[in-house]
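Look at the two complexes coming up: subunit A is in both, with subunit B in one and subunit C in the other.
Up next is the complex of A and B:
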């Protein structure tokens, strides 16, 4: 027995109305009656019955029109309409169906058949309303999920913002919601005028894949801005992800550092498809994954070793997530690594990115929303905006009159990059903040000169060609690992002057400092070796060599 | 007339359904039928074939529900006249319907 409900009976014949309403009432339902179609529609609107018995031919408004109006009023709700008819012509039955009729009951009425039909229709109705409820529930859940994602994205956008992805030398393809597919693309200028770019791909989808993006971005932006090397950044990112992410969630990533000043590319790839360094001369070098993804290894087993490539203006670096080779077309085929490399092999150098993008969209036929593709071009250093730190909001008095000296000895030189810490200290002098980029570049230069030439005794002439370049960095690593003695000394002296202030930096090393000839070379035109000193000459207000111990002095002034 | 005047099986199931209200159903049927016959008479007099068809169709339905099979059969013939717009036999059929209805009324009156 179905649940009691209200049944509307629309029938112009009084005896039939009486008979039907008696049958319906005896089955436990409430019967309401109308003598024509117009009355039926009005009654339906007032009483919202769950089922309608509708005579086809009635005065004022027939059953077909009335059914149409009732179905329109019912909207999403299923209100079964059973046509009462002795119509036998097919045409009339078709009209009833067209109007929205769900079933027929022919005269003379039979109590058992009517009971069966009422039961069947009411069961159908309750099934339908269950489906509707569930559909609405799903829609509600989905809406809820989307609104959560919108909120989450707004938060993520603040922290995992795109950084300097809008820089003139970067082009990329990524959907706004790629974050929720686990893809993360970050770029930031380093204080020395280069840039770091991270392409990450977290395991999984949705919010779980996106949560790791926050700590990763914070580490990336924070440490890049302070001038840490990418090896330092990588170690910190790995350790942080390892600590906070559950087992099984990790981040395949490629982190590159583009040193535009020294024309060096450092690459670390853990688990991402090999990107490609496309040289202007047409040769290509894969940027292979040689590591496990971030967030898997314990800090002590993590390998932060980066591959170093020499680069020239016009070279391009392409990175992509596995969403690119895995893009599918309508036939279920994948774009594939081979197709991708073919495009890169055959496209004109200037159109690598465009042709790859075109090939992808031709292949898939639609916008793919779970892939990331980025191209970074090697451009002249001065074409990018110079980074200066904003003055701190702190009203604290700056330390203006002080001097401090640091000696970094062998084991420290091997394992520690002191520059970010020295920078942090220097920038306590608020007035030096606008000069942060200059200072960082100068410190990087003098520190690596002192370490590589003074302490390690490397010959910069090695770097004169591309092959020697790689050899130079290999040699540097080997000698540094084997280092037992040696030191680099940095001395800072800051004083006030009438119009402002003056910072003097003195650098010396265990190798006897700067050769006397170096200052002369600095003014000559040797391509690799002399560049550092020439640059120091340009950046500092004064730059000189102490004849006695070979130490190098740099002086920078600021004015109020 | 080939069909029985009243189908006893229909009547007994109606009595079963209606219980004490059965006389009310009969009364309603009889008074409603008089209206239908009046409508038929007007439609035939004014030669409105669609009206003849609709009124006959409706009357046929309620007759069949009451088990008045002969009456329903006559209504069906009249409905056919209306449907095909050939009203020549209609007055004669109406006369037959009126006679049959009188007979049915008498049977119902006898209980």
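Up next is the complex of A and C:
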């Protein structure tokens, strides 16, 4: 037995009205009655009954019009209308259905059939209202989810766009809600004027895929700004993700470091499709995945080894997530890697990105919500803005009058990059912060000179061509691994002066320091492999070589 | 998505067979295939003969199985991988974690 409800009976015959309301009442429902269609519509609006028994032919307004109006008033709600009719012609029955009728009951009335039909209609009504309720609930949940995603995206955009994705040499394509498909694209200047770019793709979709993005970008931006090498950044990202993500959730990623000064590209790819280094001369080199994704291996087993490529102005690096080759069209085909590489092979060098984007949208015909594509061009160092660090909020007094010396010996040289820590210490002098980029570049230069030439005895003339370039870095790695003794010494001295302050850096190494000839050539302004020395000459206020032990002095001044 | 598992007669090895798309939709079934078994196998075989596609959530599920089977000490073979499946596994360098054939 269905739940008691209100049933509207519209019937112009008083005897039939009475009969019908008796049957309905006996079934436990409340009956309300109308003598014509107009009364029925009015009564419906007042009482909102759950079911209507409607005579087809009535004075004033017939059952067809009344049904139309009642259905319109009912809106989303299902109010079953059962036509009471002696009509047997097909045409009239069709009219009743057209008007919105749900069933018929023919005269003379049979009590049992009426009861059965009432029951069936009320069951249908309750099913309908359940569906409606669920639909509304789903719509509400979905709206809620979307608004949560909007808020999360706003917060995330503020973090992600702390970087330099808007730099002149970067172009990218990323669907607005790619984050909730697990895609992540980050870019930041390094203190020395280079650039780090990370393209990541977390497993899964939705919130679980997006949560890992926060810690990852924090590590990326924090460590990049402090000048850590990408190997350091990678190790930290891997161990952080390994620690916080559940097993089975990980991040496929490519991290690249663009050293515009030395024209070196470092690449680490764990699990992303191979990107491509497109050289200006038309040759292409794949940037292959050689590692497990981030967040899988324990720190001890993690491999932070990066591939090193020489690069020249005008070269372009393209990276993409698997959403690009997996983009589908209406026929269910995938864009595919082959099509992608073909576009890259045939497009004019300056239009790689545009043509790839055009090919993708031609193929799919609509915007895909799960892809990331980025192009980074190798540009002259000067064309990008140097990053100066803002003064720290702390009001502590700067240490202005001090000196400190560091000796880095073999095992430390092998495994540790001291520059970020030295920089952190130097930048405690608030007044040096505007010079952070200059200082970092100088330190990088003198440290790698001392290590590569002084301690490891490498000859930079080797780097003259691409083969030599690769050989140089292979040799560097092998000699460093085999290193048993040797040292690099850095001495810092900071003093007050009448108008400001002065920092003096002294660098020496176990290999006898800088050859006298190198300094002479650099001072003469001759173009020579010792490009670094000329740069140091330009960056420092003073730069000289100690004749006695070959150590190099650099002096930088700041004014109040 | 039908995933089934069969233990060897001595109970030392469990073979999990994948049919069709191996993606997030198969999550619960895949877990059930190694969690709801009466045996405690020493080695696992994931038979990819019927797998047409594999996405990154499937890689995640394989890592879950690896964790279940003892992490670094797990002995898991992925067999009958077709070239598409093999390619996805190799981009992610999963051959470092699983024996793939």
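In the analysis below, the second predicted complex is superposed on the first by the 550 of 560 C-alpha atoms of A that agree within 3 Å, B and C clash if a C-alpha of one lies under 4 Å from a C-alpha of the other, contacts with A are read in each partner's own complex, and residues count from 1 in each chain.
As a convention for this text, contacts are C-beta pairs under 8 Å (C-beta built on N, C-alpha and C of every residue); 3 or more make two chains touch, one makes a residue touch a chain.
The structure displayed is predicted, hence computed values, not measured ones.
S.K.: Quick one: subunit B and subunit C on subunit A, clash or fit?
M.R.: fit
S.K.: Between subunit B (first) and subunit C (second), which, if any, makes contact with A:18: first, second, both or neither?
M.R.: Once the two structures are laid over each other on A, A:18 reaches subunit B alone.
S.K.: Taking the superposition as given, does A:292 touch the first partner, subunit B, the second, subunit C, both, or neither?
M.R.: Touch partner of A:292: subunit C, not subunit B.
S.K.: With both complexes superposed on chain A, which partner does A:57 reach: first (subunit B), second (subunit C), both or neither?
M.R.: First partner only, subunit B.
S.K.: Let me test your reading of the model: by the given contact rule, A:511 touches which partner, first (subunit B), second (subunit C), both or neither?
M.R.: neither
S.K.: Scan A:107 for contacts with subunit B and subunit C and give back first, second, both or neither.
M.R.: It touches subunit B, and subunit C stays clear.
S.K.: Could you work out the angle between subunit B and subunit C as seen from subunit A, using CA centres and rounding to the nearest 10 degrees?
M.R.: Spelled out: centre of subunit A as vertex, angle of 80 degrees.
S.K.: Looking at the overlay, what does A:201 touch: subunit B (first), subunit C (second), both, or neither?
M.R.: second
S.K.: For A:247, decide between first (touching subunit B), second (touching subunit C), both and neither.
M.R.: second
S.K.: Look at the superposition and give the distance in whole angstrom between the closest pair of CA atoms, one from subunit B and one from subunit C.
M.R.: 57
S.K.: Based on the A-chain superposition described above, do subunit B and subunit C contact any of the same residues on subunit A, and if so which?
M.R.: Shared contact residues on subunit A: none.
S.K.: Per the contact definition, I'd like the list of subunit A residues that touch subunit B in the complex.
M.R.: 12-16, 18-19, 22-23, 26, 57, 84-86, 107-111
S.K.: Across the complex, what residues on subunit A touch subunit C?
M.R.: Those in contact with subunit C are residues 201, 203-205, 247-250, 252, 270-274, 289-293, 296, 298, 322.
S.K.: Note which residues of subunit C are touching subunit A in the complex, please.
M.R.: Within the complex, subunit C contacts subunit A at residues 24, 56-57, 59-61, 63-64, 67, 72, 91-94, 96-97.
S.K.: Inside the complex, what are the residues of subunit B that reach subunit A?
M.R.: 10, 13-14, 16-18, 21, 24-25, 28-29, 31-33, 54, 57-58, 60-62, 64-67
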